[in-house]
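Shared between the two complexes below is subunit A, which pairs with subunit B and subunit C, respectively.
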Partner chain A sequence: MAATTSTDMSTLNTALDKISNIKLKCKDGKLVTISKRIIRESEVLSHNFSVVDEVEQTIPLPDIHSTVMKQIVAFYDLIEDDSEYVPPSKYTDRPTKDHPGVGFFSNFTVEELQALTHACGYLDMPRLQDFILCHMIVDIIQDREIKEIRERGMMKTDYTPEEEAEFVKRHEAPIEVVQPQ
Partner chain B sequence: MNTTRTSRVNGPPRTRKLTSYWKSAQPNLSDKGLPPEVVLQIFTFLDRVDIDNCRLVNHRWLNIIDKNTHLLRQRFIRMLKVVDNGNNMITISASSRTKCIKYNLNMEINNHIDADMIKRLANLLKGSLIKRTVICNLTLTELWVYDLYTIFNRANVKFARFEMIGVAIDQLTRDSFQNFIGEKVAAKVYFLDGIRNGDADFFNSRLLEKTNIVNAEDFTVYDVSSLAGEEVILDLGDEALLDFFFGRNITSKRRTTLYLDSPAVSQSFVYSALVRFVHETNYESMMQHAEFTHIREQIIHSHRAITNEYDTDIQSEWSSKNAKTDLVLEVKVTRASEDDELVHDNFITVTMDICNGRTMC
Partner chain C sequence: MPNPILAIRRKASSFRENRVKPLFVARPRIMPEAKTTDSTAQKPKGKCGLVDPEYSLENFLNRLRSTPSVFASLRKPTVKRARLETCIDALPDTCLEAILGNLDQKDFLSARLVCKKLNTVVQKSTLGRKSVSRLQLNEDSQGQLYRFTPLQAPHFDRYALPPMGVIAPMRHLKARMITFDNITINMGMVEVFEQAVDYTLDEVVFDFCHFNLSDFEIGHLLRSWRPRSVSFINCDWRDSDSSQTVAISDSLFALNTQLQSFVFSNIGCKKLLVSDRTLQRFDQLLHLPHSFQLAGCTSNITLSGISGAINAYLESCPRPNVSYHIPASILPPYLWEFGIIENANLQEALQHFAPLLKHGYVAQSSSSNLELRFTSAQRHLAPLYVTIGFRVTLPMAFVSPSVDGDDIPWDDSDGENDTESD
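And then the complex of A and B:
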């Protein structure tokens, strides 16, 4: 979806100024209170806000379960950065391991992650998408042995034992490994 | 109906077992998962060590990584050394920020790197950027040049600084030496010092026409000695050297310094440089600074474009201004004073600098 234009932004800001508490009515009928920031980050929600004249306090969201929405709210509570999200273009721009958002999803089950991925795809939230699909997987891979990557990533190897042995032989420790001075 | 037929148009061939046929028809497990674009995006956030680990996870990841090496992080090697320690022992070592890997090769049996070691070294250096490469004290042979090129080529490495120190080149032909540094090893900075058993022919004008030398930011040749241990005069000539300095037919815009020891130039080299500079147009590709040591005494004729800044026994300076731009070529000719016993009698150094005329005023 195209980025919100400046005129849309001003309408969105005036619309958001009028209300204090925004509630979403989820799939299971429960209400979830969300911050204005989540609305700004989601292309779908911000677009809705920028086109309607009168803002209602409760917005129906019949496609997302309340538990998933609560997880999204919890994630945004963790992240303090309030600036507009710019996807990292360089290796050095990526969030570090200490970033609270990186470890947030690591204990989630596959089903939960699937539901979250669908939800952030539906709401079109680039920051959340990057954290779930990118930084979390980077966290799984980084500084780990090959076996661990396979286990945590739930992947099966298609290398034959001979191929793997060949690889190991090629990567075998050389005659001498010394610590640089 | 012909019952002896072994295959049908539709369905599995009769001779093969059904189970194996359907197994092979099933999509490969490793095809499942995130789309390759997403996986590649994830890999761009990883360190080289982690990328190497991922290559071993499954074939799909291996393919994605190997096809897109240029988009991913390169291995950074601080220093690659090939050093002849004497007694037929050659050490090849590569050090990164975290570790240093060293191979000791015994050259007693065959004076080249064996195929297995080439494979290993190429694998070690794969896709890396080498900040500094030093080849030291080695006697380069055709086989060595070929082996080194094979390793660098297979590993697809990039060089920043390439140094050859105390390397003997008498077992190479002129062409293979010039091709090796001029075409096969593409570095930004070349530093050749103390080349042994050389010949004036190795450093002739054709070397300065090689692609990599032409595009190098910095090119240095110091102290080339012959088989008899005498100093070698580099067979370059005024015209070739000035073409190189002024960047004739050169498009690279990042050329900074040129240091040459004992180039065979005439007495009017500085004079021709000053006169030629006035009408040069390719000023973006000119070397910014050049130093020539051990050259002949220079004679500067009077010319309306040349200004003599000062003239003493020890140092003289001339300058000339480019007609189109505001650039000024400053040439300093320094002679070693007679009292200085440490220095050779006719030790003359020429320093050429191109600077902006306005800032100078």
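And then the complex of A and C:
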């Protein structure tokens, strides 16, 4: 969760209770309505709310474009999980393929992804960062054949066919795998 | 005679002129007034009512095709998929390593085969490690190493690797136990092993290895792995002062206090540089070594050192993880074998251990061998079996009765020093 200390948390909760409709004034001058959950997830916004006593209904956000902010709002509307975000420590903890947020960013353009990465870096939103970078790339690689990974990730191989055959031959012998304890 | 080159040129120019004209030629826009006047003048009886063929559907489509910019602007905007290779190239290796850390181990191989960038990241990191219980390294006569797990034997890795070539493949395995078989271990090999196995091991076995290291170097090598169990089986030391002296000394035990099991077994009788100082350290250890076996060798250990070690056992506390539902008598025993004690015989040994035998009994003895068994049921300690060998063969003097060892041959002809076990 964004707020670190209990006092900050309580201040944040009281501040959020006062207002019903929070709007962000983006770079292009447009207003984007955001949920309280986005404020809780963002370190920057929650800190802003916990520090300032009288919070205005409209918060200026001069560094983020409204389209990017709308994408973030759409992402959070998709995710139902409202619990505190704990970054997965093991691969088993990561969200499954059925999770709606995993495939959300897979069809975004590079420019959109870059803008989103900058925005979530600016707002300091760890859940969003993980979903944009980590889970998307992992979803491309996990449980897939090599050709499929290249197609989905639009990656080109720089192996020669001989090198690839050598690699496969070298690792074809199965090794007894012990389940992690 | 006309010049053939000129004739060809003329032909080419005529071909160019007769060529199909481009589909779209930029023309000035017809003003509405002009259009109306033209249309009144040449109005055909067509359905659409357009006079100029420029306004035909075919012409319109041709124009679209010939001008890509117009065509592209009218085309339905398609979603451009994220070009991940640019993302991956832009990401630093540490970031990629963190991302790939979310992958299952089985996916690392396919990730490595995707492109060289991912292969480098996975290889440099310690992510893609398969956990194997046992791993064995063999060396052939040409100095090349083979890697395999004993379950695969004899179909082991067909790739003989030079010593330095072992590092990269070994960094993708995490073994609990490693057996080094028939390997010449010198300082160069130690560097290779330290790079290839940069994690802690549970058990290390040196089987028919040829050491070219000092006692300190062996101690430091083991210290980097912090194994709980070490075995030296039929190894030899090439550059030691004497071929019969083994470079295993007290320093190995001083550097590796975590050792729970140490086994030295040899066919030929060799001399270890282990002295009573190692045994004196037993009472300072958190846990007594569960197995300390020096078989087929001599050492500098004396009877007083052994009695000190037995005292450490008798005064020790039980392990915290011992289940009290299990009787102490069936707990796995402590096995201490001290090899051949020089300058001592069986009679001296029994006299020396007489005060301690109130806690235990002599289970078996022969002229060259003495086995003592100690139990401490009231303190819930696992039994201790101590075996001591003697070089001087004497006629069997003392054999004490065994309480529960019905199957153990013993002779009660002389039971002066016998004590009943509790």
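We take it that the second predicted complex is superposed on the first by the 161 of 181 C-alpha atoms of A that agree within 3 Å, B and C clash if a C-alpha of one lies under 4 Å from a C-alpha of the other, contacts with A are read in each partner's own complex, and residues count from 1 in each chain.
Everything that follows uses one rule, which is that a contact is a pair of C-beta atoms (placed from the backbone, for glycine too) under 8 Å apart; a residue touches a chain by one contact, two chains touch by 3 or more.
Keep in mind it's a predicted model, so treat the numbers as computed, not measured.
**Student:** Figure out whether A:44 sits in contact with subunit B (first) or subunit C (second), or with both, or with neither.
**Tutor:** A:44: touches no partner chain.
**Student:** Let me test your reading of the model: by the given contact rule, A:73 touches which partner, first (subunit B), second (subunit C), both or neither?
**Tutor:** neither
**Student:** Which partner does A:59 reach: the first (subunit B), the second (subunit C), both, or neither?
**Tutor:** A:59 contacts neither subunit B nor subunit C.
**Student:** After the superposition on A, what does A:115 contact: first (subunit B), second (subunit C), both or neither?
**Tutor:** neither
**Student:** Return the chain, subunit B or subunit C, that is in touch with more residues of subunit A.
**Tutor:** After superposing on chain A, more of subunit A is contacted by C.
**Student:** Indicate the residue numbers of subunit A shared between its subunit B interface and its subunit C interface, in ascending order.
**Tutor:** 88, 91, 94, 133-135, 137-138, 141-146, 149-150, 153, 155-159, 164, 167, 170-171, 175-178, 180
**Student:** Would you mind writing out the residues of subunit A in touch with subunit C in their complex?
**Tutor:** Touching subunit C from subunit A are residues 88, 91, 94, 105-110, 112-113, 133-135, 137-138, 140-146, 149-150, 153-159, 164, 167-168, 170-171, 173, 175-178, 180.
**Student:** Spell out the residues on subunit C that touch subunit A in their complex, using ranges where they run on.
**Tutor:** For this pair, the touching residues of subunit C are 79-88, 91, 95, 98-107, 109-116, 130-133, 149, 151-152, 155, 157, 159, 173, 176.
**Student:** Which stretch or stretches of subunit B touch subunit A in the complex?
**Tutor:** Counting only subunit B, the residues touching subunit A are 28-30, 33-34, 38, 41-42, 44-47, 50, 52-54, 56-60, 73, 78, 95-104, 119-120, 123-124.
**Student:** Where on subunit A is subunit B touching in the complex?
**Tutor:** Going through subunit A, the ones touching subunit B are 88, 91, 94, 133-135, 137-138, 141-146, 149-150, 153, 155-159, 164, 167, 170-172, 174-180.
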